[in-house]
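Heads up, the next two complexes both have subunit A, just with different partners, subunit B and then subunit C.
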Partner chain A sequence: MRNENMKKTVLGFVPVQSPIYAMHPVTRIILFVALGFIPLFIQMPEVNLLFLLLVLILFKVSKVDLHQLKVYVPVIATLTCFLLASYTIFPTKLPGEIPIVIYGISFYKYSILWSICIYVRILTLVLSSIFFFSTNRERDILVGLRTLRVPFAASYFLGLTLRSAGMFMEDYQIVREAERARGLDMAAMSWLKKLKHFPMYMIPLFTLAIRRSEDISVGLYAKGTQIRHSANRPDYLRSLFHFGKIDIAANFLIVAVFIAVVVADFGCQAFALHHSIVNVLLGNVI
Partner chain B sequence: MDAVTIKNLSWKYEQSSGFLFENLNLSVPENTFLGIIGSNESGKTSLVSCIKGIIPNIETGIYKGEVSLFGKAVKDMDSDLIAQTAGMVFSDPDAQFTTMSVEEEIAFGLENIGVSVEEIRERIQWVSKLTHLENLLDKPPYDLSGGQKQRVAIAAVLATHPKIMILDEPTSMLDPKSKDEVFDILQQIKRELKMTIIVVEHNIEKIAELSDAVLLMNKGKIIRYEETRTFFSAVDLLKENGLKVPESIELIYYLYDKYGVDTTAPVKFNEIAAEIQRLLRLNEEAV
Partner chain C sequence: MKANVVWFLNEGEVRKAGLSHFVMMALFTGVGIVVGTFGSIAVPMGMVSAFWPGQAIQSVSCIWYGGWGAISSVVFPIISNAIAGSAALPISIAYIPGNLAQGICAGLAFRKMNCDPRLRSFKDWAVFLLVGTVLANAIGAGWGNFILYLFGMITPDAILVSFLGWFIGNTIASGILGIIMLKYLSPLVMKTRTFCKGMWA
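Right, the complex of A and B next:
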C-alpha cells in the first residue's frame, strides 16, 4: 500500500515533510560524510552500536517511515552472511592461536572479534547511506554538490545518471508487463529459471537505453546546452535553498564531534578493540 | 518577415543511399501556425530537424543549400542562440525530460541561455500558469503522466520565449485524453502568444482546426503548401498521397458537388456545421 507520508525517489523513499529539510543540502552531505567516516575511527562494536542507535534516532526525528527500510533487509542479510563466511573461511588469527572446532569448522576468537567489529562498522555505514538517501531527493544531492563547487558538468552528469536510472526502471516495468501480457508467469518459475531469464530483459533494455541516450543528446542540443560556458551559468536550483544559522550550528557540531572522535582515537586509542566488552566476553583475546 | 526560409536545401543522411531532400524551398511567414502532415518516412521530422539545426549540427550527412531563421543561417548559429530563436518539443516525452523535477526542467533551458535567477523565477510562474503546471512544479518525471510530461516539455520551450516553436508529433505517444490536453495548450498558445508555431502531426482534424497553413510532404518533397482552407480543397491529391481527409471536409465537398457550389470549404468544425446548415436551408428553400 502506498504511504502518503513518503514520496518515491530514484534511490528510495523520502518523507513528504521532515525537520531535516530545514537544513541546507550541504549540511546534509556533511552529516552523511561524518556519519560515514566516524565509525571508521571506532573499533569498539558497542560504541559503533551506540552510533547506529543515533542513526536510527535520526531516522525517527526526520520522520522517515522505518517500514520502508524493509527493502534493504536483503542487503543487510547478504552483508551479514558474506562477512561471517569470509572471516570463517579466511580467518585472521593470532600466532599460535588454538581454534574452537564446531562440526569440523575451525573458529578463531581473534577473527570473530574482528568480524564483529567490521560488521557493526559496515552496518552503521550502510544505515548512514540509507539515511542520506531517505532524506535527500535527487535535486538536494545536486544542489549540495554544486554548492560545494563540484563542476556543473560533473553534477549534471550525476543528475543525468539518476534520470537514466529512473528511465531504466520504468522501461524494465514495461518490458515485464509486456511479457506478462504474452502469458509469462514469473511467479511459477524456479529461481534458476528466473536467473536464466534475467539476461533476456537486458537485450530490449539496453537497446532502449542506447536509443534514449541518442534522444537525450538531441534534446540537450535543442535546449541549447553548452558545457564549455558553464562557469557563468545561472543556477536557479541553488537559489531555492538558503544556508542559515541552523546550518552553521549543525556544521560546527558535526565537525566538533568528528575532531573529538579522531583525537580520542589517535591520541589515546579510546575506541581501540582491546577496550571492547566483546574482547572481554571472548576471554581477552587481545 | 519570414520566420523560416529554406533555399535550395539538399540533404542526405550519412547511412542512406540517396538524397532525402533535393533543392527544397520553403518560406514560413512570422506568426504563422503551420501544420506539417504526411505519411511515415515522408521527411517531416527531417524537415523540422533542419529548421531547428539538428541537421547538420548533430546529424551527419551531405548538406547543401541554406536554412535561415529570421535571416540567420542555422548552420552558423550556436546551439544556445538557436534555442533562443526556435524551441522544439519531441515526440517522446521521456527523452526530453533531462532533470529531476518539473521546476528544474523549465529552469534548465533558461539557465542554458543565461537568463538571471530572478527572471527564471518569474518565467516559471508565468509558464506554469499558462500550461496548468502550478501544482506539479515539485514533481519528479516518474510521477507524471505522458500528457503532463509533454506539457512540461512545451512549458520548458515556451519559457525561453522563442520566436518559433516546433513540435514534432507531440501527441504520438499519448492517450486520447493527454492528446486533447496538448492540443488545448496549443490552441491557447496560438490565441494568447504571438509566435510562429510549426507542428508535425498525424491528427489531420486537429491540424485543420488549428493551422493557418498546411504543408504536405511525401518522399522528401513538398507536395502542397497552402493556406488551410485552400489546402483541403484538393481532396483527391491528399488521398493520392496516403492521407485520410477528415470526413466532415469530404462531406461538405460532396454537398458542394451536389448543389453545384464552387468555392473552398471551411475546415474548422464549427464553421463546417454552420455551412452544412446553410446548404440544407438553401436546399429546403429551393424545394
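Right, the complex of A and C next:
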C-alpha cells in the first residue's frame, strides 16, 4: 500500500485506486447521512451490529488504513466505560426488578439491555462519521454539496473552514518542531504540564490565523469573488466528477433502505428492543 | 475613570459586514475544529470531554466577531465532533442550541455591559468568568446532558454527575484558554477590520 498513490482525506490517506472513488461525492454524502440516521430508528442491537459490520466492510473495501483509527481507541474505550458506569451505577430498572449481584455490584437486566442497545447504536453512528471523513477530501465534500445545490456561500464557507483547519494544524506542527529544536521534550512532560502548555500554543497560532485571514480577504477581493449573488458560476471542480449509473443504483438502494427502516419502525415497531435476541438471552426482560 | 468606548462608533466611522468577516468566520471555524478535536481526543469522557477548550473559542469568537462568531461556534463543534468521533451527526445537530448559547452569552454580555475584551478592569474579568465561562457552560452542559438523556446515553439518575463533570471540566479549560486569548490577542484583534463593534460589523 505504501507504494500506491494516495489521496489526502480530511482524516488521513486513502489509495487513489480505492473503490469508494468510483462513487460520486453526492452518493458518499447520502451514504453518510443515511448511516448517520438509520441506527436511530433501530433499537435491536443485532440489527445495528449489521450496520456496524457494513461500515467496517466499507472501511476495508475502501482500503482505509485501519491503523489510522488507533487515535479513536481511547475515545471508544471511554465511551464504553461511560455507558457502562452510567447504566451500572445509575441503573434504569423496571418496577420491582430484582438485581443480579456480582462482587457486591448490582446489575439490572433491563439496564444492561438498554446499555447494549445504546452502545451499539452510538458506535455505529460514530464509525460511520469517521468513515466519511476518512474517505473524503475537502474538495469531494465541496463538489457533493454544490451538486446538491447548497448555496455557494455555505459550500465556500465549509471549504475554507476545512482548509483553514489544515493550515492551523500545519502551523501547530511548525511551532512544535521549533519547540523541539530548542530542547522541549513533550514526551517527558506530565499530563498536567501538557494541559497547561497547550493554551500557550494559541498566541502564535491565532496571530498567524488573523494575519492569514487578512491575506485571504484581500486575495478574494482582488479576484472579484462575490459571496452573495454568485449564481451560475463556472465550476471546474464539479466537471471532474461524473454521476454515473452506479451512483443512481447506489442512491436508489440507500434511499430505499432508509425508507424501509423508517416505515418498518413507525409502522410496526419491527426493530423494537423487545424483538431482540439479547432480550431473549437475558430472559425476556421486556 | 475613563469611559470604555470599545463598542461605540467614532464620529464618521462606518463599519459594514463584508468579505473579510466571512473569511475570518471560516478561519475561526477551522481553528475551532482543531482545538475542539484536540480537546475531545485529549481527555475524552465518553460522549463528552472533561477538558474541552473549544468553549473558549466559542465565547471569545462571539466577543470579537459577534454574529459571525456565533455562526462559527455553532458549526465547528459539528465537524470537530465528527472528526474526533466523540458524537455522531444527529447528536451534534441536537447540540446546536447549547453551542449557540455557549458562544453568544459572552458576546452579548460584553456588548450590553460595555466590557473591554482586553480584560482591563475587574468588571471585564467578572463578566467573562461569570457569563462567558460559568453561565455559558452551565447552559451548555445542561442542554448537552438533556440531549444525551434524550438519546439514551445517560440514565436520569446519572444526569447530575454527568452535568457536573461536563460543567466543571469545561469551565476550567475555557476559563484558562479564554483569558489567555482575550488578554494577549484582543489588542491585536481590535486593530483589525474584522473586529465587530456591533453584532455584524
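To be clear about the criterion, the second predicted complex is superposed on the first by the 263 of 286 C-alpha atoms of A that agree within 3 Å, B and C clash if a C-alpha of one lies under 4 Å from a C-alpha of the other, contacts with A are read in each partner's own complex, and residues count from 1 in each chain.
Just so we're on the same page, contacts are C-beta pairs under 8 Å (C-beta built on N, C-alpha and C of every residue); 3 or more make two chains touch, one makes a residue touch a chain.
Keep in mind it's a predicted model, so treat the numbers as computed, not measured.
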First (subunit B), second (subunit C), both or neither touched by A:170: first
Subunit A residues touched - subunit C or subunit B, whichever exceeds: C
Touching partner for A:142 - first (subunit B), second (subunit C), both, neither: first
Which superposed partner A:252 touches (first subunit B, second subunit C, both, neither): neither
Which superposed partner A:266 touches (first subunit B, second subunit C, both, neither): neither
Touching partner for A:162 - first (subunit B), second (subunit C), both, neither: both
First, second, both or neither for A:227, with subunit B first and subunit C second: second
Touched partner set for A:133, first subunit B, second subunit C, both or neither: second
Touched partner set for A:122, first subunit B, second subunit C, both or neither: second
Touching partner for A:207 - first (subunit B), second (subunit C), both, neither: second
Footprint overlap on subunit A, where subunit B in one structure and subunit C in the other make contact: 10, 160, 162-163, 166-167, 169, 212, 216-217, 220-221, 225
Residue numbers on subunit C that touch subunit A, as the complex places them: 19-20, 22-31, 33-35, 38, 40-47, 51, 53, 75-76, 79, 82-91, 151-158, 161-162, 176-177, 180-181, 184-185, 188-189, 192-194
In the complex, subunit A residues that touch subunit C: 10-11, 32-33, 36-37, 40, 71-72, 74-76, 78-79, 81-83, 85-87, 89-92, 111, 114, 117-118, 122, 125-130, 132-133, 153, 157, 160-169, 172, 195, 198-200, 202-203, 205-207, 209-210, 212-214, 216-217, 220-221, 225, 227
Footprint of subunit A on subunit B - complex, ascending: 52, 54, 57-58, 78-84, 87-88, 90, 92, 94-101, 104, 107-117, 120-121, 140-143, 156, 160
Interfacial residue positions of subunit A with respect to subunit B in the complex: 7-10, 137-139, 142, 159-160, 162-163, 166-167, 169-170, 212, 215-226, 229, 232-237, 239
